[in-house]
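Both of the next two complexes hold chain A, though its partner changes from chain B to chain C.
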Partner chain A sequence: MRSFEYTSARSIDEALAGIGPDAKFLAGGTNLVDLMKGDVEKPARLVDINGLPLADIAATPAGGVRIGAMVRNSDCASHPLIRERYPLLSQALLAGASPQLRNMASTGGNLMQRTRCYYFYDTAFDRCNKRVPGSGCAALEGYNRIHAILGASSQCVATHPSDMAVALAALDAMIELLGRGGTRRIPATQFHRLPGDTPQLDTNIEPDELIVAVELPPNGFAQRSHYLKVRDRASYAFALVSVAAALEMDGNTVRTARIALGGVAHKPWRAMEAESALVGRRLDATAIERAADASVAGAKPLHDNAFKVALAKRSVARALEVAGGAA
Partner chain B sequence: MNGNGMIGDPLTRVDGPLKVAGRAPYAAEFDVPGVAYGVMVRSTIPGGTIASIDSRVARRMPGVLLVMTHENAPRLPAKGRAAVKPPAGREMSLLQDAAVRYNGEPVAVVVAATLEQATDAAARLDIKYRAADAVLDFDQAKKDPKPAKMQRGPAEKKWGDAQSALERADVKVDAVYTTPMEHHNPMEPHGTIAEWKGSELTLYDATQYVSGARETVAKTLGIPPEKVRVVCPYVGGGFGCKGSAWSHVTLAAMAARKAGRPVKLVLERPQMYGPVGGRPQTEQHIVLGAMRDGRIVALRHEVLSHTSVFEDFTEPSTQPTRALYACPNGETVQKLAKMNVGTPTFQRAPGEATGTFAIESAIDELAYALGMDPLELRLRNHADVEPSSGKPWSSKKLRECYEDGARRFGWSRRSARPGSMRDGRWLVGWGVATATYPAHRMEAKAVAIMNADGTFTVRSGTQDLGTGTYTICSQIAAETLGVPVQKVRFELGDTRFPKAPVSGGSMTAASVGPAVRAACLALKERIDAGGKAPLQAEGSARPPAEEEEKKTHAERSFGALFGEVRVDPELGILRVPRVVATYSVGRILNAKTAASQFQGGIVWGLGMALMEESVLDKRTGRIVNANLAEYHVPVNADIGSIEVAWVDENDTGFNDIGARGIGEIGITGVAGMVANAVFHATGKRVRSLPITLDKLL
Partner chain C sequence: MSRDSHDPPSEARRRFVLGTGALGASLGAIDALGAPKDVPGNAVAPEATHRVRFRLNGEPRELVLDPRVTLLDALRERLHMTGTKKGCDRGQCGACTVLVDGRRVNSCLTLAVTLEGRDVTTIEGLSRGGLHPAQAAFLERDAFQCGYCTPGQIMSCVALVDEYRHGMPSYVSRDVRPGAGIALSDEEIRERMSGNICRCGAYVNIVAAVRDVAGGGKASS
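Take a look at the complex of A and B:
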């Protein structure tokens, strides 16, 4: 880790005033500090935002819920409003990391965690377009069992590690950002980016913007949703594949469906075609199979991760079965 | 239950309260005034030479005291190779030349007033390399196999005539099993504080072998061993990787002398994947031949394991095969595949952990080929004497283990056909395997002292890796002296104490225990003769013969493992909710710490079966998952019920306390048992560890 300057912001204005090139906001630090230890992130200055008044969860007049950016993952997962209205989010949060990490990790910080890739995290590998744009991608021809099967580019095949963000993508969450120019809101599905030719950018946030809240719209999914995480050990491991599935039903017929996948792409992967394949149909084996197929349409596996295509399909099917009450 | 402290009682570990209160000092926690902080810098290429190291920026940074590289490091006798003698002395990286032999090899040490300053400066070294060709692919290395040398026994051992017996056999199994490169990952990282006072050096070192570290560092530096003191009262896990005095120990001493200040050098977690050993990758070809009635008439076990390009270490995976089953015709051979990686080393149950996966899987395959229950096949081939030598066992109660384990597990309720047991969505499989590990002991010494206040102090220069050495030695001393255990204080981990062997090969209890007993018997004699405190007596114990050839008996422990797996056939998810094990290990010295050793070993065996693997990038020779986020070891959620038991046994033919040592046997057989249960559940035979879900899809 390199030496850096540390300041603690006492207000949101102070936080925004303190940010700039070479500076980073410090929330739970569960990812940023690791990256600094590995010499991957080298901020000259950290602006600590742990003291900011952004740690509330409240119902919105529209019937949704607003989650402050500094709400800890464990608090969010156990909050009555979240458990009651968005059990999918609660499940996803609890599937992430370990209790110790969830106690530190914040809602905003979870969204800001960098993508997962061995070659990004170890600076001894000289090729990584994320760390050194233009240097190449060591994972493409390297060991890529944990890497992307969807939406990757020849520049980067890393995957987004968050569980929470997968649920937020499925739940049509809005991310509220505050910058010197004011407030803007972007859908969770558009917050993270695909790598394209600019894999160094994980998100669409501007460098001088602060995440202040995540807002969840009201929905009818609370009774029928499921977060399935498949990983290399029973707990405390990133997803090989995860699925957030949510359904609204009219009897046996699907009225609305939401499907998002984690561990398969550079961002939480919302499977819109799979959702469309279900709407208006009976939730039977055929419909589930069709949705599962659609969810991995266009998948391009790498040398070591071909298994993820079948795994993703079967995981979507399983998550729909559980959400629909069939399993 | 705490027990009254006699041998065998489940006495709670005597060092437990200190540890949970954070008052047990580990090597890197000693408060040494004026200590500076060293950070090791490692190579980023797998082979070649260092062209240049530009340290101008680093040297000008605040607090930096020293940048030690091959250009300015003290020149050592024999280029730093004066003490190469395993287990303690290894081929090290001591900055004596510009050569780079693997990716991650130590190439510099930066010392500064604070750890932060040293870490920051270490990142600013600008190192240029001239890369050379390197062998980074096991499949490439194995095309040019090199002869191996085992620590114990010959690398090639044959008995009977396997070839012609194979030709006669009714049923054959011929399969290749592989195990990956793994790393130890003790909770406590390696660390050394080196402090010079004139010509005298004190090392606070996380080690499994204080006297070995002393010999190695002294010889390497070219100073008399009596000028070096090594202190290590507590070890936060060793598992083999702290059995050798690796490069960082000597580097700390060199840096401290050069900086003129005590230096603390603690390895970062990623630095523990390369410079301090690991479990070698193996490829094991097994051929079994049996008659219709299940008698195994021939076996062949060929093992290829990797080592570095600069030191040979052989993973002795054929060892268990030479001892497990009553087969009159056998051929076992070991070879090496040399690669540009850090030298591998002993890792909990060296030989047996990897070897039993292969042989126990093969035996299971044979059982299915014969249409015989796999437990029945093992019983029919029970080795009443050691098959490869014909020697009788000092003591062996494996038959009782099979019987006890099978009864407790409920083996008789097993349905034989693969895939025939289900629980809802889950496929259920039951597997069996045999556990085994050789019994080792070496010469050890101890001293027993009667203090004026009526208490006793007993000392030996041994180590407690967290296994319970403090506790069991206190119990042995108390029982021998005929006093309550609370009256005894046992001390260890200091080269000022009487010499004891490496705490490896499961031999601490079996070696030091008899020495403690001998010292206490000698002290008791003096007390009985009217001696008054303070009074002391020394004692030592050694095996009648150390070389295998001179031993009249074969000495080995055994166990029977039964386990249940559950497999989600669609998602490949594999769980192991239940393991039952019964061991034949001689006398149990402490029922509580013994159970912990067995259970801990089984937990690691499950890790080996399900998830552990260090992955080498084949282009750069860098281990890609060198951290605890990406190198998976089991977490609580992976572990279900583990019920361990042992048979009543007292192996006085092995030593006078009747105990064979239990540190390693727990991990053995587990991966084989899991693979066998997976086959029973799914009909899929996974011959390559770890059994990750992609192999079951």
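Take a look at the complex of A and C:
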């Protein structure tokens, strides 16, 4: 690992004052320290934010929940408010990583984790536009079984690895950022970017901004939601495809639907056409099949990942069946 | 297990292992992280610039470290507590599992300088005054073959029981909502132990050992 300067921030102001072009915030370190060991991330300075007072989960006056950026993934998953109001988020968090890593990983850090594309992760490969902008994409012509089928570009076909972020996209979460210019809030669905011509940018956060909280609005999904993760082994692996599905029903009729997919794109993929296809319909096999088809509309599989199109459709169908109580 | 980490004979055995063949060569390179004189040509010599004070198995410790040093390397190379094992060193195997403030973490991805004022428990800290029930269960159930992953497995087992008793759900829990109740089935144990890989494949007996320690109780919520 390369040498770096280490400072521990005692306040949010100190954290913001310490950040700069060559600096990174250190939260749980589960991804950043790993990438530093691999010489992919090379910060000159780490600003340790583990001591910041951002580790609370609280109900909001609006009936939602506010999650501090330093709440650990395990604490978020097992918090009574999250389990009661947003079991989908609990499930998604519990689907990610291992118990040890979830005890370390923070809410903010989970959003900031980087792709698990092998060509990004291994500096033995020369070409990666995310790691070395302009160098090309080795995955495009290489082994691309785990890569994107939706929203990719000729510059990058990486996927975002988070499970938590998929649930946040489905639950209409807002991400609260604090920078030297003040506070701003952006929807979880707009926090991560598609690769386009700038795949080196994973998110829309500014370099001097800190994630301070994630806020969930009130909703009626707690009774009918499901997070389904499909991977190469039963546990402790990244998703090939994952689905966050949430429903509000009037009897047998769908009033509101939320569907987001993980493992298929550079960002959590909110399938709004699929959601619309369900609204006002009975949740039967026909409606589910139509929604599953719509969820992968426009998919462009690569050489090794065509299976993901069928897998995504079946996963959407399964997640909807379980969420709706039919399976 | 406490004997292994404190007595001179185990240190001697470790040096013997380090000096033996290809295995010795690779472990020797890892050792270099904590010992500047062994650093190969292109590596930057660690700079011991940061003071950190924490409790290790109940005892206060103070180290002056390069910020790059992980808790795992600090334990093994600086404090000579070699019960905690280095497997992948990248957070993928769980061999380095220790407890920080009672919670299990991967010590290979924890920078030691971040531990100011924290409480670290390693496998050596479990066994004072006789075997910990988890250690006894692993012996009773023959829950290992080569034993390299065992300290990490046991630390995870101890944490798992604590997490379960506090009502923490898992991905395989049928209903994560409070009050749903979670029985600690073998499926639950496998999911909750999935952060610890066993290359020998002793999983069947590991599950049995964890089941024995947990006592098959039902979580409060």
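Everything below uses one rule, namely that the second predicted complex is superposed on the first by the 327 of 327 C-alpha atoms of A that agree within 3 Å, B and C clash if a C-alpha of one lies under 4 Å from a C-alpha of the other, contacts with A are read in each partner's own complex, and residues count from 1 in each chain.
Everything below uses one rule, namely that contacts are C-beta pairs under 8 Å (C-beta built on N, C-alpha and C of every residue); 3 or more make two chains touch, one makes a residue touch a chain.
All values reported here derive from a predicted model rather than from experimental measurement.
**Student:** Looking at the overlay, what does A:Q100 touch: chain B (first), chain C (second), both, or neither?
**Tutor:** After superposing on A, A:Q100 lies in contact with chain C but is clear of chain B.
**Student:** Which partner does A:A124 contact after superposing on A: first (chain B), second (chain C), both, neither?
**Tutor:** Once the two structures are laid over each other on A, A:A124 reaches chain B alone.
**Student:** Thinking of the overlay built on chain A, is A:E84 touched by chain B (first), by chain C (second), by both, or by neither?
**Tutor:** second
**Student:** Output check: A:Y143 vs chain B and chain C. Expected answer is one of first, second, both, neither. What do you get?
**Tutor:** It touches chain B, and chain C stays clear.
**Student:** Looking at A:Y6, would you say it contacts chain B, chain C, both, or neither? Reply first, second, both or neither.
**Tutor:** The second partner, chain C, only.
**Student:** For A:S235, decide between first (touching chain B), second (touching chain C), both and neither.
**Tutor:** both
**Student:** Once the two structures are fitted together, what part of chain A is touched by chain B and by chain C alike?
**Tutor:** After superposing on chain A, chain A residues 1-3, 34, 98, 234-236 contact both chain B and chain C.
**Student:** Using the touch definition from the top, list the residues of chain A that touch chain B in their complex.
**Tutor:** Counting only chain A, the residues touching chain B are 1-3, 34, 39, 98, 118-119, 121-122, 124-126, 138, 141-143, 145, 230, 232-238, 240, 307, 310-311, 314-315, 317-318, 327.
**Student:** Mind listing the chain A positions that touch chain C in their complex?
**Tutor:** The contact residues of chain A facing chain C are 1-6, 8, 26, 29-30, 33-34, 37-38, 46, 48, 50, 74, 77-78, 80, 83-84, 87, 90-91, 94-95, 97-101, 103-104, 222, 229, 234-236.
**Student:** Flag every residue of chain B that touches chain A in the complex, lowest number first.
**Tutor:** So the residues of chain B in touch with chain A come to 42, 44, 103-104, 116-117, 119-120, 123, 270, 425, 570-573, 575, 610-611, 615, 617-620, 622, 624-627, 629-630, 632, 634-638, 692-694, 697.
**Student:** Touching residues of chain C toward chain A in the complex: what are they?
**Tutor:** 44, 47, 50, 66-68, 70, 89-91, 94, 97, 103-106, 109-111, 113-114, 116, 156, 159-160, 163, 166-171, 173, 175-178, 190-192, 194-196
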